[in-house]
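Structures incoming, each one as structure tokens.
Both complexes below contain chain A, partnered by chain B and then by chain C.
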Partner chain A sequence: MEQAKALLGLLLLVPALAAEPLRDSLREELLLSPLPSGDLAATFQFRTRWDSDLQREGVSHYRLFPKALGQLISKYSVRELHLSLTQGFWRTRSWGQPYLQAPAGAELWVWFQDSVADVDKAWKDLSNILSGIFCASLNFIDSTNTVTPTASFKPLGLANATDHHFLRYAVLPREVVCTENLTPWKKLLPCSSKAGLAVLLKAERLFHSSYHSQAVHIRPICRDGACLTSSWELRQTLTVVFDSFATGQGKKDWSLFKIFSRTLTEACPLASQSKIYVDISSKGQENELLEVTPAPQSVHEASVQGNRRTYAVYDLLDPGLFNVSRSLNVQLKWKRPQDSLDLAAPVLHAQRYVSGYGLQTGEISTLVYNTHPYRAFPVLLLETVPWYLRLYIHTLTIITKGKENKPSYIHYQPAQDRRRPHLLEMLIQLPANSVTKITIQFERALLKWTEYTPDPNHGFYVSPSVLSALVPSIIAMKEEDEELSPLFASLFPSSDGSSYFVRLYTEPLLVNLPTPDFSMPYNVICLTCTVVAVCYGSFYNLLTRTFHVEEPSRGGLAKRLANIIRKMRGVPPL
Partner chain B sequence: MGLLSDPYRRRALARLLLRLNTPLCALSFAAGLGWFLGLAFQPCTLRAYMSENAMGSTMVEERFAAAPRALAYARQFAGHKKAARGMPVAWLEKTMWNLGLEVYKQTFSRTLPFPDELRERYMVKGTNVYGILRAPRAASTESLVLSVPCSEGQHNNQAVGLMLALASYFRGQIYWAKDIIFLVNEHDLIGMEAWLEAYHDVNVTDVLSSGMLGRAGAIQAAISLELSSDVITSFDVAVEGLNGQLPNLDLVNLFYAFCQKSGLLCTIQGKLQRSDWDSLPAYLHSLQTMLLMVLKQGSGRPQGDHGLFLRYHIEAITVHGINSFRQHKYDMGTVGKTLEGMFRKLNNLLERLHQSYFFYLLPSLSRFVSIGVYMPAFGFLILILVLKALDLWMKLSRCDVDPAEQPCDGDPVGPVASEEPKPSLLTLVPPLLICHATGLALYSLPILGLRMATRHFPVSESEAVVLTAIAIYVAGLALPHNTHRVLTGAGSDRGWMMLKLLSLLYLAMQLGCIALVNFSLGFLLAVTLVPVAAVVQPTGPKPLQAVLLVLVTPAATLLFCIFLYQELVECPITVLEGWQQFLQAIAEGLLDHHLYGSIVFPLVALFVYPCWLLLWNVLFWK
Partner chain C sequence: MAASAGVTGAVDAAEKARGKYAALSFATIAVVVGLPLWWKTTATDRASLPYSEIANLDTLEFQLTVPISVVFAKGTLPGDQERKLPFRESQEAETPLNPKTSVTAHYQISYRRATPQEEQALSQVSGQDDVVLPAQEAPAGSLTIFVIPPGSHLLPQVATMYIGKHRSAIIRAPGGTADVLAVVRTKIQQVTRVMSFSAESITGALSDRIPILHLGTEWKRPFKSSLGYEITFSLLNPDPKTHDVHWDIEGAIRRYVEPLLNKLRSVAEISVDSQILYYAALGVTPRFDASSSSYILGAHSLPHVINPVEARLGSSAASLFPVLNFLLYVPERLHSPLYIQDKDGAAVSTNAFHSPRWGGIMVYNVEPEAANETSFPRRVDVDMVRVMEVFLAQLRLLFGILPVPLPEDALLESFGNEGLSAWELDRLLWARTVENVATVATTLTSLAQLLEKISNIVIQEDVASQVFHAVESAQKALLDLGLGHLESAFQASKEAVMSSERAFFDPSLLHLLYFPDDQKFAIYIPLFLPMAVPILLSLVKILREARQSKKDSTKMD
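== the complex of A and B ==
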């Protein structure tokens, strides 16, 4: 009887629990935007928000938030974690400013809580565990490629103190990203790839593209407007750029089915929001250049990255969407073929290359372009260069419009052989409509023969440099409520209405180091040793001594006598 | 080595060396020359093989069906080139853009030190247009280059057409791992040099060029294409680059392998390979091929646009389509397939080409002589100088040790007058200085004195430069009559022996260094200079020696090489034509140095010629 009462009590309690506001929520979103070059970028964002304090011990019940990551956060006292795995390079010049920028290869940066005593150890353990979770070679992160930037990477979420000693940053430009990294990433999604937008994530299409980048961002955010307590936010993002030229035989029309070979039939049942945004903003005078089918349910106007943009919105949770047909296949057609040789270059873009020839010295040059017609702005440049390129910091020159440009802030940490890389951070003012050339010379070190990679003649990678800037926008941007605005607009906070934050990565560099001939080291060693052993002694003899012929002398009387005695004894003479 | 520490044996050895010096030298020369000639004999060479595993056999079928398109592009290009009277920049940009490439252009200008009369250019202004095919999902760290020179007249139109057709085919493929740069360069080598310098952001020669917007990382390999007819009968490959640098042998092997695969005839130095090898004509054929390579490499001139890539450690070859009177012709499809196959193999490369040889000679495309095999030939020649130097050294030191003894027993030179005051090493300084000063004048005056020469003499600028150079060269011959009067110990036997010892060692060192950089040049100089350098001395028949010495001077060697080359390519020339070509070659040598940084002219003017002058001084010591 008692048991039955208890059971009844429990049953009564259930509605009470349900009435409580949901402690975790999922929003999913797909943004399809045609790029200036005519290619198509698809950006997926899945945001899981959990109103729970993960740092406190004893959190054991996970619903939407992946347990693997949650435990990681509490075990290593992580405050913020940003991991991106990218195959390819975002070509800012022809594709414009990306919503979420990532360098080629793997990038990991983590802010730890102030309570962490040994940050380096936590960082090492964390990267090893992440390596296991994402099947990536993050275990190659060690002290030779880890840096602590002082200014470039600020916490993106809620943070009181920003003591950069709790920050670690590393890039592995050589990392190759493929299906094996995508699968564990998909598994972290609440609906996996069974329902919702994630059904489009099929590896054979995602890797048949010009650019593929997947990322995980974890940060604490305000729970509500008052911001008295914090919640945890996990953003999983994936950006793919499809080459419309190669697939469409010159035509730039696309549809969901054509690019993903799938259509959408439902939203993820666990999601509280599931939307598709299609960028239909027109460039100035000719509007109505393109046509989207089916007709969008609503149109959202926003100012993103200094531009006014118009988006057609499809809400998958709206039952009206699937009334007409059972599946949603968004299509876009261009009414007129658009061809223009000159693309409008984005306000900030950069290029980096190695100049010079030969295997002794070289020069790393970075060109930073500010194409803003009248506004100058500062940019924060972060360079991480491996120790085997010995930078000569006195050769650092920054030239803008033929004149020397003095950085207003400079932080340089020289490398230590086999222990840590060079770190160079500079705040450089970019005048309006200018190109700034930053060059620094280096010498190529000769490595120990066991330190070469198995393919030494391929070259060694130098990680991309990072440019962070608040770019003044040409139009006025209005503040939007973060909860209402599309997800893609809300990761980086904009400081005010007149500028927006941009982070850019340049290309990674491939540098050849002087390489011995590894084809037959054993033979070479044997031959060299033999030649040295045989020749050295004799040549040394010849060079340092003179030889004279000495006539044998008869010897003294005593010796003669002694010899006679020895002869009698039968002993050989002296 | 113990042989040398034992005084008795040492003395015996020294005596042997002294007595048998001349026969040993003769033997060594014969061995060196014989060895070199033997290199072309097939059993002495190695069969070419692909060392790079990444370029090994794959089950790939080359496909290229855009042959009509290539010809259409070629016709359009020819039309636009005619209309634009030069490079049709706008048309190229638009066409490449429509093919889906990232298009960039680079303008450059260069004023030559003196007008190039052969190609009629002085102030050169041009534009290079290039399109970059971005490899999907690659971070632009590596790239390949296909370059085509935009030449004057009707040349190379088909090459541009084929390149564009290849670009459009490549653009549709998804397997590229490296970016591919399609480059059309104006003013052949000058444009190429300007492009390479801008790409690597260096300024080696004084080309003024606009900066470069588009880059694609480290270039791994390059192929330069020259094609002037719709159909071809064979492909010729040029390997010799600037300063005699050669591309990795694997690249040549790759070309050969693909020609074999698609059944194309391929030649090197314009010579088709013979099927037999054991007859005299077959041997002579491969000897001709090899000698042509030696002459071309020795000249230090790039034999095609590829030659300039080599400085930047980019392996490159020039492929030249030839349309001769042979019956069987190949169309663009076959040519395109061959190039497509080569690019796909290069695309597979994981590392830079490094597995195979960088130093080799090619008696035919399927056979090669590696550095280990050909170096002994040169070693034998250098041995002569060492033997002679040892001989002189021992004669000199013997006189030092025992001046009271019979003066330097039994040497054929005659007794050394030991009662004369011993000249110190200091006496060698004036001839050395004067000879090098002459060399310096030969290097710098032709360009510096250009204005003055044209003002005072009725000659063109180019003639002025060449004639000044020849005048200084010849004036150097008058030096000994002026120098040895200055010397205190002049006229003594010790004096000339010391000078000869010095110049022999100096020559040996120079030739050794040259042979390491450019074997052919070293060998050509050695085979002419060494025997005469060994023989020359102030006693004996002076006029004969003087004639011999003049015959082996570097300038005379150049003249002989021109005649030899013309013989080998089977179009003999008269003496007058030879002289014309000789003058032209000097002007070209100077231009190559100033335009591309070729080191042959400064090397000869600053080092080999002064060394030869030292020997001339030895001859006229008394």
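== the complex of A and C ==
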């Protein structure tokens, strides 16, 4: 203590603290969109932006950016990290195109810096640490479910080189997502769940839903328009689809309090932007169908995913919002009951199923729909199939409108037993207004008895296939500044005004494998031993016993019995 | 008929003999080939370990040798004593701790005259504060003590002892006594107690091996010896709506923490980072004290403060080293000013406390706002000098660098901006080396016990080689301690810790082959019972016949 004081005494001439500009910022946003089916999708996005170089070694100082993730990025030289944990399946047919879809279960894809020497080891360590941070079973990611796609997953942020050797992609379709994954995710938010939009994140409501998907996206972005230096962006997104029929007793009206059982009282004081968007697009009808209260402060028109949409905007940082009432409870009421709300099918959607009978062979079929009336476009399809389904690549057929459709790019990496999965990537041209059917046959392999899961009769999951496409939009979109546009529209870069990027996931498949009787090993041991013992016994007897001819004696019990019976019948005895 | 009976008898006898041989050869093959084969194929793969050497390590007798050279300036010793120079002597002090642990301090003192250069440096007259010690390069762990004449002006007149920031000290020889050497000896003892290890520091380092009864509370405060540490400074701002707190942590770390850490980096790997946590509140509601119109956090409620905060701190993602947490808590406006009270109810002057082996917490009260200041949030710039003064003191305590009671009339050289004097580092090294060796002994002993107890654990070659390396390094560390080579002893002890931990936590040890005995029987019985029973029966039969024929032949005789 004395010494420390002496030391500090020497160094009392401390320069005045320079008021430097804040180098990190937080934007938060909630998008509420009523879905055509009557459900309600709520998408939270929290964006933490940090104008700092995380790759630098040495002391690191964190303010809004979470320390745990920052340390990961610098230790493992991560360029981009995308992790999503999803419960349920986004039904593209009835819910429309999602802003950000994720496959059921856990999905992790990481781009490493090209300075990483051993990418596989870094990937393994990284997934183990992420598994600890998010309480998820990401530690089950190993070489049997990791692939390196060549074309489907391009970096979303700044990238000079796109050498796909530094990319790793894995999906765990079996992962169950629950509160224990949400709590660490909430802890990464600067305001935790104490203020701002995060107040609404109440686990018991969020998991009482048809679809729950939480994600973390880290990527480098341009610091300014000139893009000479890079910043780091952490996006935490959470998408929930509430089943309004189940929660609202058949009514489609909703309010914040009804769905989250909380209302908003303040913005996160650290956020530079805090907004709620409500999708009030009237879908071409003249008269308004719905009404939001309180009256929105402004209305934002944007073209999102090829559609023109209208959003009512509430800015929580605007002091006028809380002047009238102390809390904000956004409500939406439908003016007329609308039963015949037919949904225009999304331009691109897909489904997948497994067919065949018996436990030996089967067939995976994928149907990809292009409902655009006059434009054809290519789609990148990525299939990852575990090694225990042995794909017969010669049976791959792609049929569109009754004719064979040859893919213009195909990349196939066959599986190696217990080492790596099948990877199939294809670029397929989808003609306008068409259905393309892709089928491939497979044979089910027999596993070793320790390789079966604890409930093998449940079946084995096959991760969903991924479709990535630049979908031509029906209307013309105008270029928007990324910093100003709402967060939900800005994760995927849109190349130009005429098309937009879509990534879709199909359903995960559940395949039954031939399952043995698990008491079999013991039975086999017992049977073999018995057979060996019997053979050995007779052999031994043959070799060691001495045989001699026995004089016929009075006979055994059988003979005596026979004689008694003969006597009774009056027949001479033997 | 009789002939044919004889023939059949002969054939029978031959047949019987053949059967006997067949049964015997079966038994032989089963014993010679079958048993070893079965033994070999079902045995677990266990590499041999140095069990006896590990058992030897269980009894630790530390020999700590401190080389001390005492340099006499001209005119310090009376003539007859000076003639004896140079000469050597050694002193020993044994501290038996328990039957299995003992520490022997071994001071090798060599007395000599000052060289001309040293003489020149020692005869200078220096100012009040800066005493120029003769330049010297002493290896870690050793000490050089200069004895100057009573009338020398090198030291201020009041001081009789001066402890430098390197590994040297100055003693003023007493005036007016005949036996200068005897007085010097007692002074040397005082100096070594300050500059080298003391019985207490070594006992503290061995606290795992000795019952706690012997010790005070000091022993459990420092962090356990580890290969690395992570220091995290966290600013807790529970009320970002009213306080916009800024701290120049980057500059503070560069200015105050780094110099100290640069010294400590030879002991362990240390990384530093900082974070700001919002809405992170203490788990205790402070009590309002009307008399001072402030809020009070009593000493009894401090233990409850840490747990709720810790959930937000986040574990370190990038390494497995222990984390030292330093929290700066800016209380919310509702609860400010907030003061920490000690057990007697007096306010703690630093407004901070530390938790053993965890870190420290400091409460930083914001100046009450002026009446005209109403806009929120208020910008608060943290005075980092005040904060770092507390955190550095806590950091030294947690590292086990305790302030040493100085003898009277002693002066201490300031360590300047290096943060730590060389002898303080030596004290730390002594304690850490002893602690490391003790840890290795404990780890290896328990590993050996575990492996001996559970015979199904597979011991792979690399685990065995780690164990061998750990044992060798620990022995080398003990040897080096005895020779007074502190630096190499510390390195060896570090290696020993690393290897022993790697062996202990090797995942291959967990692949325990679990074959309970009842299941083994269930598998062996269907195979072995039908095979063994005929062999045994025929052996019994052969034996009985042999005995019978022997009896017959004796009867015949």
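As a working rule, the second predicted complex is superposed on the first by the 496 of 574 C-alpha atoms of A that agree within 3 Å, B and C clash if a C-alpha of one lies under 4 Å from a C-alpha of the other, contacts with A are read in each partner's own complex, and residues count from 1 in each chain.
The rule is short, and it goes like this: contacts are C-beta pairs under 8 Å (C-beta built on N, C-alpha and C of every residue); 3 or more make two chains touch, one makes a residue touch a chain.
In this text, all values refer to a predicted model and were calculated from it rather than measured experimentally.
Visitor: In the superposed arrangement, which partner chain does A:H548 touch: chain B (first), chain C (second), both, or neither?
Guide: Touch partners of A:H548: chain B and chain C.
Visitor: By the touch definition at the top of the document, which applies to A:V534: first (chain B), second (chain C), both, or neither?
Guide: Both: A:V534 reaches chain B and chain C.
Visitor: Per the contact definition in the header, classify A:I129: touching chain B only (first), chain C only (second), both, or neither.
Guide: second
Visitor: Between chain B and chain C, whom does A:G88 touch in the aligned arrangement: first, second, both, or neither?
Guide: first
Visitor: Where does A:L446 make contact in the superposed view: on chain B (first), on chain C (second), on both, or on neither?
Guide: In the superposition, A:L446 touches no partner, neither chain B nor chain C.
Visitor: Of the two partner chains, chain B (first) and chain C (second), which one does A:M520 touch, if any: first, second, both, or neither?
Guide: neither
Visitor: Taking the superposition as given, does A:P173 touch the first partner, chain B, the second, chain C, both, or neither?
Guide: First partner only.
Visitor: May I ask you to decide whether A:S209 touches chain B, chain C, both, or neither, giving the answer as first, second, both or neither?
Guide: Only chain B; A:S209 stays clear of chain C.
Visitor: Please write out, lowest number first, the residues of chain A touched by both chain B and chain C across the two complexes.
Guide: In chain A, positions 534, 537, 541, 545, 547-548 sit in both the chain B and chain C interfaces.
Visitor: Under the definition above, what is the set of chain B residues touching chain A in their complex?
Guide: Listed in rising order, the residues are 1-2, 4-8, 10, 93-94, 97-98, 100, 102-103, 134, 136-142, 171-174, 200-202, 213, 215, 217-218, 311-313, 350-352, 354-355.
Visitor: Okay, in this complex, where on chain A does chain B touch?
Guide: Residues in contact with chain B: 87-89, 91, 94, 104-105, 173, 207-212, 243, 245-246, 249-250, 339, 341, 351, 353-359, 363, 365, 455-459, 461, 507-512, 515, 519, 534-535, 537-539, 541-542, 545, 547-549.
Visitor: What does chain A use to touch chain C in their complex?
Guide: Going by the criterion above, the answer is residues 1-8, 10-12, 14-15, 17, 19, 59-64, 66-69, 71-72, 74-75, 129, 132-133, 187, 190-192, 194-195, 266, 269-270, 522, 525-526, 529-530, 532-534, 536-537, 540-541, 543-548.
Visitor: Within the complex, which stretch of chain C touches chain A?
Guide: 8, 12, 15-16, 18-20, 22-23, 26, 232, 240-241, 246, 248-251, 253, 255-256, 271-276, 278-280, 311-312, 314-318, 377, 381, 384-385, 388-389, 392-393, 396, 403, 414-417, 419, 522-523, 526-527, 529-531, 534-535, 538
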